[in-house]
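Next come the structures, one after another.
Both complexes below contain chain A, partnered by chain B and then by chain C.
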Partner chain A sequence: MAEIVSLAEAVALAVRDGDTVAMEGFTHLIPFAAGHEVIRQRRRDLTLVRMTPDLIYDQLIGAGCVRKLVFSWGGNPGVGSLHRFRDAVEHSWPGPLELEEHSHAGMANRYVAGASGLPFAVLRGYAGTGLMAEGMASVRPITCPFTGEILTAVSALNPDVAIVHAQRADTSGNVQLWGITGVQKEAVLAAERSIVTVEEVVPHLDPRPGSVVLPSWTVSYVAEAAGGSRPSYALGYYERDNDYYVAWDPIARDRDAFRRWLDTEIFGMAETMGGR
Partner chain B sequence: MPVPDYSSDEMMTVSAARALRDGITCFVGIGLPSAAANLARATHAPRLVLIYESGTIGAKPDRLPLSIGDGILAETADAVVSVPEIFNYWLQPGRIDVGFLGAAQIDKFGNINTTVIGGDYAAPKTRLPGSGGAPEIAASCREVIVVVRQTLRSFVERVDFVTSVGYGSGPGTRQRLGLTGAGPLKIITDLGVLEPDPATQEFVLTGLYPGVSVEDARARTGWDLAAAAELHTVDPPSAAELTALRGFTASAKE
Partner chain C sequence: MTGPGMTGPTLAEICVVACAEAWRGDGAILAGPMGLIPALGARLAQLTFAPDLLVSDGEAGLLAPLLAPSGSGTVTEGWLPYRSVFTMVAAGRRHVMMGASQLDRFGNQNISCIGDWARPKAQLLGVRGAPGNSINHPVSYWLPRHSRRVLVERVDMACGIGYDRAAALGAPGNRFHEVRVVVTNLAVLDFRTPARTMRLRSVHPGVPVGDVLAATGFPLTVPDEVPVTRRPSAGELALIRDQLDPAARRERELR
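So, the complex of A and B:
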C-alpha cells in the first residue's frame, strides 16, 4: 500500500545518492516539484533516466546532482537546446556527464521489458544508425528463433526509483492519470520504489474513460503537490506554460544566471508544491 | 490577383504542406514539419491523419502546438495511446504512410543527423538534442519527407553522425539493413525540392521556388548538387495558403 506523505518526506525516504532515478511524463505531467525537491535535498551521483530530459533534467544536471544520463531526446521542445545539458557534455560543467543514448522506441521498449520482468525487449530499430555503432552495452542485434530475421534487442530498464506526477489519488493511495500518459505506468512498474505526486488527494476516484490507474499496492509513496508539474501541464487542471519554456533559454545559457535561479527558486524556497 | 509577398520560410512550409495528400496518415515531427502538416490539414487535406509520438492519433489542433505533447493534441485526437503503443503497434508494422521529419544535418543520401556536430561522439563540438522518434520513423513509415533549411552547414557530403538512415551509402543499403519503408522521397527546403535519383539514390534538385536559381541552390549545398533534366518551378503560395499559415503563426504567439 502506498504511504501518503509530504513531498519532502517522499524524496528523503525514496531517493538515495547514487540511485538510478526515472522521472517520466511525456511533455504532460512532468514531475517538476519532485525534481526540485531532489535538488533541494542535494542528492548526488544520480543516474537519471528519461525519454525527454526537458527543463527538469537541465536543472538537475546544472545543479550537480547527476553523474549519468540515459535518454532519447534532450532538447527544449519548440525552443531549442537544453544549455545546462550541453554545457555538461561539451565542457564538463559542473562535472562530466556520462551518456547512454537511445531512440524513443528503444527507451519505451526498455521500460516495457523492465515492467514485464524480462531482461530485454525486441524491436525493429537502430539498424544502420550511429546509436547502434556506438556499441552501447544496452543495444544488440538479435536473431529471431522462429524466422532467422535479425532484429534489435534493448536491455531492460529497472530504475531504483520512478517518480511521476498524476492528476489524482484517493485516500488509499490509488493513482489516476489521463491525457498523454507516456511511459509512466511502465516506469513505475519497472522500478524498485516509486513516488507519485498528485494535483489532489480525493476521497474516491471516479472512473474516467481512457485513464491509467496505478493501484495503491504498486506505488511506494503518494505526495500531494498541487501545481506539481508546472511549467509542464496537468490536463484538466492547468495548461502548459509555453512562455516559461522560452524564458528558460537565457537562464540556462548563462552559468551565473542559472546559479541565481537555483539560489532564489530552489534553495531560497521551502518545499513549494510546484509553484515557481 | 497580385502575387502576395512571402518569405522563403513561408514558401518552404507551403511547399511541404502540398506534399501531403488528403486522407493519408502522417507521423509528424516537431517544428517545421508540424507547421506544414497542420497547414495541409487546414487547406487541401482536411482528412489528413496527424500522429504525434506522444501517442496522439488523429490530432486536430486549431493552433500550432509548441511541443509534440501539447494538451491541444490530446484533447482533439481520435485516440490517445501510450508511448510504447504508438511505436510498437502503430509505427513499427508499417501502418503510417508518411514520416515527416526535420534535420540539423542531411547528406546526399538523405541520412539525417540530429545528435552531434564536430569532434567525435564522446567529445562533440556541438551537442544536439538526439534522435527522439526519428530513427524508427525513418525506418518504418512507408515513405519519408524531410523539411529543412538549406545551408552549407546543414547540407553536407556525409553527416557527422547517422541518427536516422536515409539511403545509407547508396543502393542496397536499406534492404541490407532490413528497413521496411521506402526511405526519404523528398527533401523540401527554403530554396526548392530535392528528390533521389532512381539509379544512384543521390538527392538531386527537381524543383525551385520562384526567383531561385540552380546556382543559388548549389552555393548552399555541401555536395556537388545536380539538377534534374525536368526541373520545374514551384507555384508561389496562394493567398489562401498564406492566410492559413499566418493564422497559425499568429495564434502560436498569443
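So, the complex of A and C:
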C-alpha cells in the first residue's frame, strides 16, 4: 500500500545514489517538483530514463546528478536544444554523460515488457539503422519463430524508481491521472519503487473519461505537490507556462547562469511544494 | 476571399501545397506532419483532395475534415493518444513527414548527432520515432533550408533508413519501406531512379536548377525537362491565408 509522505521524505526514502530512475509524463504531468527535490538532495551517479527528456532532465544533468541517460528524444519542445544535456555530451560538463538511445516505440515497449515481467519486447524498427551498429546491450536482432523474419528485440526496462505526477490521489493512496497520458502506468508497474506526486489528495476519486488509475498497492509513496508539474501543465489544474520554456534557453546556454539558477531556484528554496 | 486583388503565392505557400501533395492518394491513414508547413500541408490536403486523411492536432486529438463554424479554428473528431499511434505505426497505416539534420542520396536521415555517435561533435535531438517509422510505413521529409550541410553524401548516423540500407536488409523486412518525397525550400525530390538515389522532381517557381544542384552535397538525377512545382489554386490560397494560418506563421519557418 502506498504511504502518503512529504516529497522530501519520498525522495529520501526511494531514490539512492547510483539508481536507475524513470521520470515520466508526456507533454503534461511532468514531475518537475520531484526532479528538483532529487537535485536538492544531491543524488549522484543516477541513470535517468525517459522517453522525451526535456527541461527536467536538462536540470538534473546540469546539476551533476546523472551518469547515464536512456532516451529517444531530448529537446526543449518548441524552443530548441537542451544545452545542459549537450554540454555534458559534447564537453563532459559537469561530468561525462553516457547515452543509450532508442526509438520512441522502443522505449514504450521496453516499459511494457518490464511491467509485464517479460525480458524483452519485439519491434520491426531499428533494422538497418545506426542503433544496430552501435552494439548497445539493450538491442539485438531476433528471428521470428513463426515466419523467419528478422526483427528487433529490446530488453525490458525495470527502473529502481519510477517518478510520475498525477492530478489526484485518495487518502488510501490510489492515484488517478487523465488527459494526455504517456507511459506512467507502465513505468510505475515496471519499477521496484515508485513516487507519485499529486496536485491534491482527496477523500474519494470520481470517474473521469480516459483516466488511468494506479491502485495503492502498485505505488510506494504518494506526496502532495500542488503545482508539481509546472512549467508543464496539469489538465484541470493549470496551463502550460510556455514562456518558461523560452526563458530556460538562455539560462541553460550559460554555465554561470545555470549555476545561479540552481542556487536561487533549487538550493535556495526549502522543499516548497511537498508540505505534509 | 478569392479572386482579383489576391497577391501571388509566397514560397511558404508553394511549400505548403508541395507538402500537401505528399499525402495525395494515401486514403484513410494517419498523417504525421512535423513542422508547421507540413502540418498546414496535411490539413490542406484533408480539406481538399484527401478527405479521408486522419490528421493529428500534434497532441492527442484528431482534427475533423471541416472548418469550425466560427471561421478559423478546428473541430476535433477523435482521441488518439500516442499509445495508439504506435499501433498505427506497426500496422503501417501512417505516412509521416519528418525533418532531418542530414539526409543522404539514398534517403537515410539523421537527427541524432553530428560526428561519431559514441563521441559526437554535436548532440542533436535523438532518433525519436525514425527507426520505426522508416521501416513500417511511408515517410517523407521537409527541409526548410536546402543546403550542402543538410543534403550530404553520407549521414553520420542513420536514424531513418534509406533505400541502400533497406535493400541490404532484403525481404521480408524491407517490404513496407518507402521514402516518398523530399520537399525543400528550393525543390521537390524523390527516389524514382533505377538505383533508388535522389532525383530532382520539380523546382519551385523561379528557382534555377543550378541553385538546387549547388546546394546539394551529392549528384542528383535531373530529368531533361525539369517541371515547376505546382502553384496553389486560388481556393487553396484562400484556405491557407484565411482559415489555416491567418497569422502567416508559415513565413517564419523559411527565414
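Note that in this section the second predicted complex is superposed on the first by the 273 of 276 C-alpha atoms of A that agree within 3 Å, B and C clash if a C-alpha of one lies under 4 Å from a C-alpha of the other, contacts with A are read in each partner's own complex, and residues count from 1 in each chain.
We adopt the following convention: contacts are C-beta pairs under 8 Å (C-beta built on N, C-alpha and C of every residue); 3 or more make two chains touch, one makes a residue touch a chain.
Just so it is clear, the model here is predicted, and its values are computed rather than measured.
Asks: Quick one: on chain A, after the overlay, do chain B and chain C clash, or do they fit? Just give me the call.
Replies: Clash: chain B and chain C overlap once superposed on chain A.
Asks: First (chain B), second (chain C), both or neither: which does A:147 touch?
Replies: Second partner only, chain C.
Asks: Now for A:171: first (chain B), second (chain C), both, or neither, which partner does it touch?
Replies: Once the two structures are laid over each other on A, A:171 reaches no partner at all.
Asks: May I ask you to decide whether A:233 touches chain B, chain C, both, or neither, giving the answer as first, second, both or neither?
Replies: It touches chain B, and chain C stays clear.
Asks: Could you tell me if A:242 is touching chain B, chain C, both of them or neither one (first, second, both, neither)?
Replies: first
Asks: Check whether A:77 is in contact with chain B, with chain C, with both or with neither, and answer first, second, both or neither.
Replies: In the superposed model, A:77 contacts chain B only, not chain C.
Asks: Touch check for A:264: first (chain B), second (chain C), both, or neither?
Replies: A:264 contacts neither chain B nor chain C.
Asks: Going by the contact rule stated at the top, is it chain B or chain C that touches a larger number of residues on chain A?
Replies: B
Asks: Check the residue A:111 against both partner chains and state whether it touches chain B (first), chain C (second), both, or neither.
Replies: first
Asks: Contact-wise, after the overlay, does A:85 reach chain B, chain C, both or neither (first, second, both, neither)?
Replies: Both partners, chain B and chain C.
Asks: Taking the two structures together, which residues of chain A meet both chain B and chain C?
Replies: Shared contact residues on chain A: 26-27, 71-75, 81, 85-86, 89-90, 101-105, 108-109, 123-131, 134, 149-150, 180-183, 210.
Asks: For the complex, which residues does chain A have touching chain C?
Replies: 26-27, 71-75, 81, 85-86, 89-90, 99, 101-106, 108-109, 123-131, 134, 147, 149-151, 180-183, 210
Asks: Taking the complex as given, what residues does chain B use to touch chain A?
Replies: On the chain B side, the touching residues are 30-31, 53-56, 65-71, 73-75, 80, 82-84, 87-88, 91-92, 115, 121, 124-136, 139-140, 161-165, 168, 173, 177-180.
Asks: Touching chain B in the complex: which residues of chain A?
Replies: Residue positions touching the partner: 26-28, 51-52, 71-75, 77-79, 81-82, 85-86, 89-90, 101-105, 108-109, 111-112, 123-131, 133-134, 149-150, 179-183, 185-186, 210, 212, 233, 235, 239-240, 242, 245.
Asks: Give the list of chain C residues in touch with chain A in this complex.
Replies: 59-60, 79, 81-83, 86, 89-90, 112, 117-118, 120-136, 157-161, 165-166, 168-169, 172-174, 176
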